[in-house]
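Following this line, the structures themselves.
One chain, chain A, appears in both complexes that follow, with chain B as partner in the first and chain C in the second.
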Partner chain A sequence: MTWEPHIFKELHQIPREEHVFPGTPLCAGCGGLESLRLASKVLGSRVVYINAAGCFTNLASFPFTPLDASWLYTTMGSAPAGAQGVRDALDVLIAKGRLPKDEDVKVVVLAGDGSTYDMALSSTSGAITRKLDFYYFCYDNEAYGNTGVQLSPSTPYGARTTTSPCSVQHPAGSTQEKKDIFEIWRAHRPPYMATVSPRFPLDLEEKFARAADYPGPKLFLAFAACPTGWLFDPAYTPDVARLAVECGIWPLKEAINGEVTHTYVPKRRPVEEYLKLQGRFRHLFEPARQEEAIKHIQDRVDSYWEKVKA
Partner chain B sequence: MNKMNQTSQMMTGNLAAAWGARLADVDYIPGFPITPQTEIVETLSKWCDSGEVNARFVTLDSEHSMMTAAGAAAATGARVFTATSSQGLLHAFEVLYTVAGWRVPFVLVNVSRALASPITLEPDHNDVLAARDSGFLQIHAETCQEVLDSILMAYRIAEDPRVCLPAMVNLDGFYLSFTREPVIVPDPQAVKTFLPPFRPAHLGFKGSAPRALGPAVFGGSVYSYFRHQMHLAAMNGLQVHEEAAVEFERLFGRRYGLVEAYKLDDAEDVLVMTNAFASKGKAAVDAARAEGKRVGLLRLRVIRPWPAEAIRQALQGRRAVAVLDQNLAPGQGGILYQEIAACLYHGAQRPRALCSFIGGLGGKNISEGEFRSVFEQTAEAGARGTGIGPVLLYTEGEHREMEQLQYLAHDLKTGK
Partner chain C sequence: MVSIRFHGRGGQGAKTASRIAGTAAFLEGFTAQDSPLYGAERRGAPVSASTRIDRKPIRERGVIARPDLVMIADASLIPDPSARVLEGVDERTVVFVNSPLAADQARAQFSIPGRVTTLDLTGIALEHFGKRGAISALLGAVAGRLAGLRQGSIREAIARELTDLGLAPPVIERNQTVAARCFEAVQPVELDVGARQAMAVAQLRAPTYEPPTKGTAGITAGPNSAIRSMSGWRTFRPVLNPELCNGCWLCFANCPEGAITIKPDGKPAIYYPHCKGCLDCVEVCPTDAMTVERETEAANNT
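Our next item is the complex of A and B:
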């Protein structure tokens, strides 16, 4: 059964209204910011973003913010707990008549992969277990980006970072496999979770719109192509984001109450096309092709999709 | 008001702390268990369930998360209470600084317990004093009654627009947390007069009025501005505390100072202590006075803001002062000794000698003999005109016991 959007079928259906305005201190071509911009078109401005330390912490730099929503910076390891405190307090104040119901806001954690995959995992697990009604938006650029691109648990096999250099001992660069945070979340059985890519805007908007029907924890893993960290020209951010999906590396999917649906099944072009666009994988092709490493990446992707078909 | 009609009931320091939160009519209690604090969150969770407290109680996944939730809820405009101890306080350490920087008032009770390693349960003050630079106000209580009363005062001071900082109330694990003492539970209506509802204009998240809290700053001058503001606000706490103390006395008949002077009037030597062990110190003062020694005790109660002037007033002109720190900064000595020394430096009539003693670590008793020795050494130092220390208090009996334990450990290891 193919997944069909119900609300967003045509591009012109995407709200024109902006909630993330130009002039942020983020890098040119930031794929994470593009996802946030699209997400905010559905989330709107009645939102409080609970931020964890990462690239997006720069968004609110005193005295500026590019958002027309509220903002609370917490720590790297406890943004979901910040969301808990805000959500609980809003509920209590509304129940006690101290805050009008129409002043309520959505609570959205805004965190990078470093925080999401490792440091805030206890805080996240707690929030999901407590069935906290919140959105979790992770901009996943597969490295500690704000500190200058170091290995994170999200860094995929074969990527070069400043702490997983390509060396004689490790010619492929990173030798770890990207942690499967989607499955870690899914083991908690939250009502809604999805992966998104800004190059598939209808898919993205549809998922944010659908999620609104599910009170409780809602995860969005947003593919965040990163020109600065992945070493490509910012002009190629859309191509990298598109190829990640078309090569099968970044599956677009959702899970409702734990049941997974792939929202787009790519024909799957060779992963090489995706890898070759980025400097972080260049050592796999120059000065000599690392056939084994490239095959390893392709095999992992193939095996993932074989399981999907089965 | 009804001062005469107040009846006391026996309760532990932990129960008194829970009563403080209950009377403060808090909205939100994020909790996490840790010995010896757990009874506080157990009690409050029961009261929230039964409706005796109209608040939401939530068990978080760690103290780090708990402190974040506490600060975030206060930032949203709720009156928040939480409690922890020892390792829990340190686990939340970065959050202490973070939420203080948000300038959100709420009250955290710390039940002092010595820090690992070696891991242990009984109290000293390395936990709470580690947080002395976090931006939290700190009130250290000697009795169960003072625990309850200080929580009410802490809310009033923290929420004052001149302050707007979170506050910590400290009580000693075991010695107060599990010790029953007579406590008068203040009349809830009078508490409402003392502590008006929390309606902060500068906090809250509303759909119609977006607000950014805790944004990044770049450049030392912007950063320094905000940090200076925190310092000045904390210093305002001295005046605000005095106003709160006057009003508290008017309503409840009990007066709390920034510091407490015990038999200081004619004292030539003064012992400085904090928290529950100050009761032992007072008994030692009585015993020494019975032997004809003119000694007294200064109990530090408000630690942040640091009441330098009150301390100078109390200690100037004395022959000798002994600071008995129930904490140890390895490689330095007593933490409060250093702060006392710094604030006496500019006094015209400095004490002739300032002595440093370290005692009560991990809840170790301070015996009558040790107190006698402290007074004797302090008197000698005063006569000589030079201070001593840090002196690490340890009795011969304790040393013998420790040697026996070491023999045992050795024999078990070697099989001899």
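Our next item is the complex of A and C:
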């Protein structure tokens, strides 16, 4: 059951047209922006982005916007509720004949992991239960990035953030496991869900293209390598994103009506290769190797893929 | 009191440099205060930090409006009005610029009213560390020298501040060694910390709000951010050698900015005003058609 792309088979099929333009104040090398730019090439310009507070709020800072689509700003906890309002308004316009059906607009929530895994969970759950027809695009930089990189429920075990420093009590840094938001969404049985990485652009474009066939809630979890929060040189954004997938840490998968398919099965390089690239894991290697913590991370990855095979 | 204001780009280490200067002064028995200006700390965005050093308790707070010493980690910030690098600088202020230019040249090129001294910290860092990265220790050491602090206390302050950041002992030691060189290499200029004219009292004006019937702030234009130049963000620029390019489009796909476009012949082209210099394209290029060049002139020259 190897997964095959139907539409995007080679890089030259990536649309040349841009919908997220340059000139944003986001960091040089932002992996989240890279994903959004690629996603927008399939989503197009007939979109309303409902953006929960986070780094991406800086995209459109008055009087500038990089988007050729519409944009609405909400609190961290309420983007799916905002999406419901916009969707309802569009439906009313269509029903009244004031908006032709073929000029309909896609409703896309744009939110960080702080919103997605944490503050907006109840609002999201409600929207999925109501079968709201929307996309949920989470750029996952595994921390509350915009406010200076604090621990979020998405921060993985062993990562150092400003609120999970490596300390005498907690030499590994963060001691929590990354919350499995994919499974939380899947328990709601939405029609379409996927994880993506910008370093696998065809996989990303293909998933956005496929999702268009599924009315209802659609989740995209985008790996957002964050040079500022994860402490690596911006030039390594593509390497960090590639190794996250190749080491098995960021599985590329999709779930249609809850049925999971892994869209790429990596040979699985040792997780060390991924960890070593990033300052947020440096304390696991220097001044002394924290064997147990590294093994813990490797074991979690191994047991995930064991279950995939079973 | 000596007031030092640091300016840099997020990721360069201006904030840590300000801490190093403050901690070194504290170790010498001074009262010291150091604080970054809260704002977007995004990599590449302008950041500033203030350090005050005195024998007496320091009652002043906030951003330094009339600095005795301004430390500029990135010359490309000088023409950027939002960075406000030269604010409150007059002919008595000492201005340090991280630049390969001689002091006179830098003074003329950037129209700096104050007394200028320069040192190419980026060049020194590249030579000793072999890659771009924070120059906090070097900048902190130069600030310390100009403020009259001792080399020993700066060395200790670097150790403390970099340990706090989780850097490994060998890295810290290397930073200390290179910082000591910068301490010795910079041409000192005597600070003039005599009586300074107080700033005129600022009058606060209540903003006049539009009535809500006029609607809320909105941008109705198309994607207008593309008119901004990002050139000043770069320390390095990617350079494309078309002969080596195999036309795979990986750079086009992986540029977070959309600064790489595809020409009618199917080959990529970099539009520099849109490039922040992340160098992701260099990293993904399978044929080494992308190389790296250090930016030499100040910003906005594409």
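Here are a few things to note about the model shown:
Just so it is clear, the second predicted complex is superposed on the first by the 308 of 310 C-alpha atoms of A that agree within 3 Å, B and C clash if a C-alpha of one lies under 4 Å from a C-alpha of the other, contacts with A are read in each partner's own complex, and residues count from 1 in each chain.
Keep this in mind: contacts are C-beta pairs under 8 Å (C-beta built on N, C-alpha and C of every residue); 3 or more make two chains touch, one makes a residue touch a chain.
Computed from a predicted model, the values in this text were never measured in an experiment.
Of the two partner chains placed around the shared chain by superposition, neither chain B nor chain C is touched by A:H296.
Contact with chain C, but none with chain B, is seen for A:P201 once the two complexes are overlaid on the shared chain.
In the superposition on chain A, A:T74 contacts chain B only, with no contact to chain C. In the superposition on chain A, A:K131 contacts neither chain B nor chain C. Of the two partner chains placed by the overlay, only chain C lies in contact with A:G23; chain B stays clear of it. Once the two complexes are laid over each other on the shared chain, residue contacts for A:K276 go to neither chain B nor chain C.
Once chain A of one complex is fitted onto chain A of the other, the partner contacts of A:H262 are absent, as it touches neither chain B nor chain C.
Of the two partner chains placed by the overlay, chain B and chain C both lie in contact with A:F62.
With the contact threshold set out at the top, residues 58, 60, 62-63, 65, 67-68 of chain A are in contact with chain B in one structure and with chain C in the other. Chain A makes touch with chain B in their complex at residues 45-46, 48, 50, 57-58, 60-63, 65, 67-75, 77-86, 88-93, 96, 98-99, 102-105, 122-123, 125-127, 129-130. Taken together, the chain B residues at the contact with chain A in this complex read 27-28, 30, 54-56, 58, 60-62, 64-66, 68-78, 80, 94-95, 98, 102, 199, 204-208, 210-218, 222.
Contacts from chain C toward chain A in the complex involve residues 10-11, 40-45, 131-133, 166-169, 217, 219, 221-228, 230, 233, 248-250, 252-259, 261-262, 266, 271, 274, 276-280, 282-284. Touching chain C in their complex are the following residues of chain A: 11-12, 14, 16, 18-31, 33-34, 37-38, 55, 58, 60, 62-68, 148, 160, 165-166, 198-199, 201, 227-228, 233-239, 279, 282-283, 286-287.
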